[in-house]
Amino acid sequence: MINKTVANVREACEGIDDGMTFMLGGFGLCGIPENIINELVRRNVQGVTCISNNAGVDDFGLGLLLKKHQIKKMISSYVGENAEFERQMLSGEMEVELVPQGTLAQRCEAARTGIPAFFTPAGYGTEVAEGKETREFNGKMHIMERAFEADFSFVKAWKGDEAGNLIFKGTARNFNPAMCGAGKITVAEVEELVPAGELDPNHVHIPGIFVQRIFQGEKYEKRIEQLTVRKK
Amino acid sequence: MINKTVANVREACEGIDDGMTFMLGGFGLCGIPENIINELVRRNVQGVTCISNNAGVDDFGLGLLLKKHQIKKMISSYVGENAEFERQMLSGEMEVELVPQGTLAQRCEAARTGIPAFFTPAGYGTEVAEGKETREFNGKMHIMERAFEADFSFVKAWKGDEAGNLIFKGTARNFNPAMCGAGKITVAEVEELVPAGELDPNHVHIPGIFVQRIFQGEKYEKRIEQLTVRKK
Amino acid sequence: MLDKNQIAQRIAKEVKDGYYVNLGIGIPTLVANFVRDDISVEFQSENGILGMGPFPYEGEEDPDLINAGKQTITALPGASFFDSAMSFGMIRGQHVDLTILGAMEVSQNGDIANWKIPGKMVKGMGGAMDLVASAENIIVAMMHTNRAGESKLLKECTLPLTGVACVKKIVSNLAVMEVRDGKFHLLERAPGVSVEEIQQATEGDLVVEGDIPEMKF
Amino acid sequence: MLDKNQIAQRIAKEVKDGYYVNLGIGIPTLVANFVRDDISVEFQSENGILGMGPFPYEGEEDPDLINAGKQTITALPGASFFDSAMSFGMIRGQHVDLTILGAMEVSQNGDIANWKIPGKMVKGMGGAMDLVASAENIIVAMMHTNRAGESKLLKECTLPLTGVACVKKIVSNLAVMEVRDGKFHLLERAPGVSVEEIQQATEGDLVVEGDIPEMKF
């Protein structure tokens, strides 16, 4: 067993630098690497490019980096929940590449799996297709999309073991698996870190080979964006 | 919940016909859809194309169809264990397309996920690349591979529920997941079929949306190809 | 004229037994409330769940269990969780039978625009581009006109497109229409709404053939 | 001259702490027996396991747990199972640090042939084409000559290729060689084997620079 554990979030983020490209898991505020994001804010890393489906909200998640102007460029599919994001984008303070959500996930997965390019119908005939190769397959037009390149992938899982194996919970899984192994170094934070042998190998969602560093997060706020309930 | 259960293997194989293309899960004799294969033999379906990593052995698995000359064409990566296969191939009685194993898996996955074509480095500069588009990405040559098309996908899982959700065991997983949803109709046989709600939704490997018919196999021989043990 | 709930209620009639359905944010989300309970339907949310259930009871919400609208939800028996790559594999691979989403504009050849107003509003396309490019069966839930009273059913979209020639059916507050042969075809009128009113609210070519019945719920 | 076990033993020295290693069928499989036990290594088998352990004890074999050679195996603590698509994602994505496989022929520019003898034998490439096209670090375990005494280390391969310009190192029964700049570079001799014997058994260009040491185990 190859041990991937590091002591804490500081050690986990060794080597990050200004101008790097990061992938960050999560959908809305669900399943985001909270502790790592806080560390990125603390380190005040500058001019970074973030590949993340959303951009957090004004005072949580990636919104914290946005507020401090640490982000040079966002690559996302949906940023509707973040007023500051929209402001920085429309004013030109921040560069933005909007990518269809499925294409975003597949470009991560492609990076992980050594597929440099693939064809998808998503975005054909729209702005997204501009400057991209298009081709007909089975009577339908597709565009060629490329794998992402990133320096770090930052993900959050529910449980993990020393070997770096990860198990996700509910819809907090979302973009996290596709990003594992997609960046040069993958850092995983987990709610519960267990010794090797405690996870059923059949239940592992992401094998440890895709993870270089793993640690148990200090605390998880797990903020809810839209609380919707019904009466008992 | 959309119920996918059928009564038995006969009902599960309704609609199969001569000349069709089938995908069959399994690696060697591990994780093969035993009951379905026996039904294909019983029905004596003729002139079929089989997409399967291996071709069974002479008296088990796909070897049973081979022996009866039911197979017109095999699309596989490795057929070394089957003498009759090699004979039919070398004599020209059966058409064979040999595909690198990773490309085989990815062409199934691509069919499942609506990716009509992708680039892989596997096979560049070899017979496999003949007639295929090649292209350089990141300084390395790749070939373009296409998604498979199949009429039926036949897979075997460990546990399944009425909704068609599947969980695999050990290395019996292999090609089965990538084939689910890759053929027009996916038929899954399982060792244990349980009511909806009994499987932890976090542990489901293949969601039921990819499976049209599910049944519990009558019996499983699970033959071992190479028994290798050590003394206590 | 229909309110949002009535639009959802009318669309619910399009949901058939055995369908996997993806519901967009807004009116489409309401459709789940009106689906007949004698048919089997599973709702997919593209953030990674099949078998989505109703909102949780107070105090039982789980921050790790949300829908694509970021609302807390529940999972029904037979549900499964999966990652975003697999989720869009389902969508692109045409395993989802019906997609219901909102639109800012629809054109008479089935183009749809719903993600961007240049210089003003950019929320992003989210999963909409994948959904409209992939789904065989797309129903748009929308208001027939904007707040200024201008038609949102156009000869050609003026806003950046989400997808081309993909919308098959539209249920608005005024009518049910089919998009076919480069035209809007009027199928049903909202209760109390005349063909003339619909015609007036539609900038694109509207085909009216025979007697147009009032919607039934 | 080395026997198969000694070839495996010599190759085991190339396995470093923290490596994920894929072992081909035949001699490569034996490498696992010789890896130092003070380093951490995980073996990947492309049919879907990381953290492969030794053969099971008699009576404890599980038909659902095999390696790529179809042999019954065990899983070590920290192991994981996955499907073939993910497995080759690991391989193509260059997450596996070292690939060890057999060959029928290797050429001096690093081409390898190991899957087909036209008209005679076709077992298929299995995962070998994916492995050699993807791995940064490939070691070939092979006999230096065939049964007829003919060299298998050639100027150009005569058999259909498995991959081009990919082999970095060869450990044969006679020698350890590096493939660099379109030539075989002799690094070590098997105990009791002379440079001349190696030269004679090598059809391709063999570079001999300085004193060539005997292998140490």
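Order of writing sets the labels: A, B, C and D. Residues in every chain begin at 1.
Just so it is clear, contacts are C-beta pairs under 8 Å (C-beta built on N, C-alpha and C of every residue); 3 or more make two chains touch, one makes a residue touch a chain.
All values reported here derive from a predicted model rather than from experimental measurement.
Chemist: Could you tell me which chains make contact with chain A and chain D both?
Modeler: Joint contacts, listed by label: B.
Chemist: Applying the document's contact definition, name the chain pair with more C-beta pairs in contact, B-C or A-C.
Modeler: A-C
Chemist: Report the inter-chain centroid distance for chain B and chain C in whole angstrom, where each centroid is the mean of the CA atoms.
Modeler: So the centre of chain B lies 36 Å away from the centre of chain C.
Chemist: Nearest whole angstrom, what separates the Cα centre of chain B from the Cα centre of chain D?
Modeler: Centre separation, chain B to chain D: 28 Å.
Chemist: Express in whole angstrom the distance between the two chain centres, defined as the mean CA positions of chain A and chain B.
Modeler: Roughly 32 Å separates the two chain centres.
Chemist: By the touch rule stated above, which residues of chain A touch at least two different other chains?
Modeler: 106, 109, 113-115, 120-121, 168-170, 201-202
Chemist: Of all the residues in chain C, which ones touch at least 2 other chains?
Modeler: 49, 75, 81-82, 88-89, 91-92, 134
Chemist: Among line, ring, star, complete and other, which best matches the way these chains touch?
Modeler: other
Chemist: Can you list every touching chain pair?
Modeler: Touching chain pairs, listed by label, come out as A-B, A-C, A-D, B-C, B-D.
Chemist: Which bits of chain A are touching chain D when the two form their complex?
Modeler: Contact set of chain A toward chain D: 1-3, 109, 111-115, 161-163, 165, 181, 195-197, 201-202, 204, 207-210.
Chemist: State the interface residues of chain A toward chain C in the complex, per the touch definition above.
Modeler: Within the complex, chain A contacts chain C at residues 27-31, 53, 76-81, 86, 89-90, 96, 98, 100-106, 108-109, 120-128, 158, 168-178, 205, 222-232.
Chemist: Using the touch definition up top, name the residues of chain C that touch chain A in the complex.
Modeler: Within the complex, chain C touches chain A at residues 45-49, 54-73, 75, 81-85, 87-89, 91-92, 111, 115-116, 119-130, 133-134, 160-165.
Chemist: Please output the residues of chain C touching chain B within their complex, sorted ascending.
Modeler: Chain C reaches chain B through residues 18, 20, 40-42, 44, 49-51, 75-82, 86, 88-96, 134.
Chemist: Touching residues of chain B toward chain A in the complex: what are they?
Modeler: Touch list, chain B to chain A: 106, 110, 113-121, 135, 137-138, 140, 142, 146, 167-170, 201-203.
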